[in-house]
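Both complexes shown next keep chain A, but they swap its partner, so chain B is in the first and chain C is in the second.
== the complex of A and B ==
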């Protein structure tokens, strides 16, 4: 199982601070596509991903127990 | 100098040697909105040698809630932010050489400005300019500090050429805007938190304490009580066009830059002519008044009421069209007035 955390407007879109689901064996990129489809999220391709608090590329494979966080870069200033 | 900076000289990370360095350094700040105001005030009070501020906007009532350098008087005068910031900063510390540049931070302008700059602070409101800053930083080997916020959420990351990943490594492309800027609003504490992260990083760089510079990417949400610090060891992208082996600095190519932009968080389009002119605002004001428009102005800009729209024209030919997000419409309005 994996814990998936969402930040900023993604959390509002999902409606939860985190989800528990099994993403083990998928790549970060595959998980992004799946989540965007099932939660009606904006496209996640420019959203940064952390696996266990470490920046991860889209081709990183998720292991059992990994905690994934989606951190959208924002532009306000 | 001794009395004025005594408390930060007492701080072991700075000391007398650090203060002497700070007083000799030159910081370039792109943007003078919320992040720019706060960072500029910290650096001016800290006694930075020179501060160059670039901003394309002017002060409006909706800025006062969080943009700490500005006053109601600046709003009434529609002062450009860079000019209003310089006025306030010079009153705070007259030893700091503040240079105000009223204009859009284009790649060409950035390349002109960076030669003797020690650190660049990102206080912009859009990714197009940030990517240009990022390329300039890589090309001229000048560190810069990304900072951004929306709602109660904010983030910061220090980018040192040759050492850390760059913004293009992280994003690979310019993110689509609008999802958050127009809907999220902003609270001042989120701004202040980003300013604290950015300005602490700048001070470390100015005193050349490179080991102290944060290597992680910070993001936080002050309302939802989240704070994360991402390790960035795997973030450097070998094929990056800004910092990789085969770099081309794609965001320094003027032709790649948009000429019309929806401004973050506002019902406003900026139109930038491909060649910058030097308009005669006085003559234009006369013509527009004759046509029956209500025109107000100062030496820097003209504000023209056009039904539900308001157009603000700067003397470099750039215009802000308030009351629309439609790029084509904005361009058409612009061309109706300026050809």
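== the complex of A and C ==
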């Protein structure tokens, strides 16, 4: 199983802080496309992904237990 | 604990105290505050949210980058989350170095890096609506899914 975290406008779109689902074996990019379709997520081309709290490329394969976070362009400071 | 996300108002002095060192000839402090007007539009208040565990890691990374680039530098950063009103302090960065030029440069580097890689977001609340802000102008896209080397090394 995997925990998928959403922030900022993505959290509003999904309506949850996180989802628990099995994404093991998929790439980060595949998961992104799948969730974009399911939840009609906006502006996903600018969204970064983190796996276990580190930025990941779209071709990274998700392992069982990985925590995935979708990270819109940041606006701290 | 030089790198923190805080739900409470930031005590500036406590951030500065973390970088006091006998070899320092300078400590620079950056205090980021909530501005009322942006391009003529009036902000009522802001909500900051963070992916806290990763945000702390990325602040720590910025600290390491600074220590590598500016010899003898020490860094402390606290970023606030939650609701902030106009003039409230959103972030405090303290950098100490042996010489003053480095302290200014390294502090500037820290705030620019925060705006690139630290997972913190602000939601603007105006009189006529609200919106999550993304890299201010939404000019940056990450086609490969993460910042490019160039973005990370600037």
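In this text, the second predicted complex is superposed on the first by the 72 of 77 C-alpha atoms of A that agree within 3 Å, B and C clash if a C-alpha of one lies under 4 Å from a C-alpha of the other, contacts with A are read in each partner's own complex, and residues count from 1 in each chain.
In this section, contacts are C-beta pairs under 8 Å (C-beta built on N, C-alpha and C of every residue); 3 or more make two chains touch, one makes a residue touch a chain.
This structure is a prediction, so every number in the text was calculated from the model and none was measured.
J.: For the three-chain model obtained by superposing on chain A, do chain B and chain C clash or fit?
T.: clash
J.: Given the touch rule stated above, what does A:28 touch, chain B (first), chain C (second), both, or neither?
T.: A:28: touches chain C, not chain B.
J.: If you stack the two complexes on chain A, which partner ends up touching A:7: first (chain B), second (chain C), both, or neither?
T.: Both partners, chain B and chain C.
J.: Looking at A:16, would you say it contacts chain B, chain C, both, or neither? Reply first, second, both or neither.
T.: Touch partners of A:16: none, neither chain B nor chain C.
J.: If you stack the two complexes on chain A, which partner ends up touching A:55: first (chain B), second (chain C), both, or neither?
T.: both
J.: A:77 contacts which: chain B (first), chain C (second), both, neither?
T.: both
J.: Figure out whether A:42 sits in contact with chain B (first) or chain C (second), or with both, or with neither.
T.: A:42 contacts chain B only, not chain C.
J.: Considering only the listed stretches 93-101, 219-227 or 255-263 of chain B, which one runs into chain C in the superposition?
T.: Once both complexes are placed on chain A, chain B clashes with chain C in 219-227.
J.: Shared contact residues on chain A, chain B side and chain C side combined as an intersection?
T.: Residues 7-9, 43, 45-46, 48, 50, 53-57, 69, 71-77, which sit in both footprints.
J.: Going by the contact rule at the top, pick out the chain A residues touching chain B in the complex.
T.: For chain A paired with chain B, touching residues are 7-9, 11, 17, 42-43, 45-46, 48, 50, 53-57, 60, 69, 71-77.
J.: State the interface residues of chain A toward chain C in the complex, per the touch definition above.
T.: Residues 5, 7-9, 12, 28-29, 32, 43, 45-50, 53-58, 69, 71-77 of chain A touch chain C in their complex.
J.: Would you pull the chain C residues touching chain A in the complex into a rising list?
T.: 32, 48-51, 53-55, 57, 79, 90-91, 111, 114-123, 131-136, 138, 140-147
J.: Within their complex, state which residues of chain B touch chain A.
T.: 31, 33-36, 122-127, 130, 147-151, 153-155, 165, 170-173, 175-177, 179-181, 183-184, 186, 194, 217, 219, 221, 224, 226, 228-235, 237, 264-265
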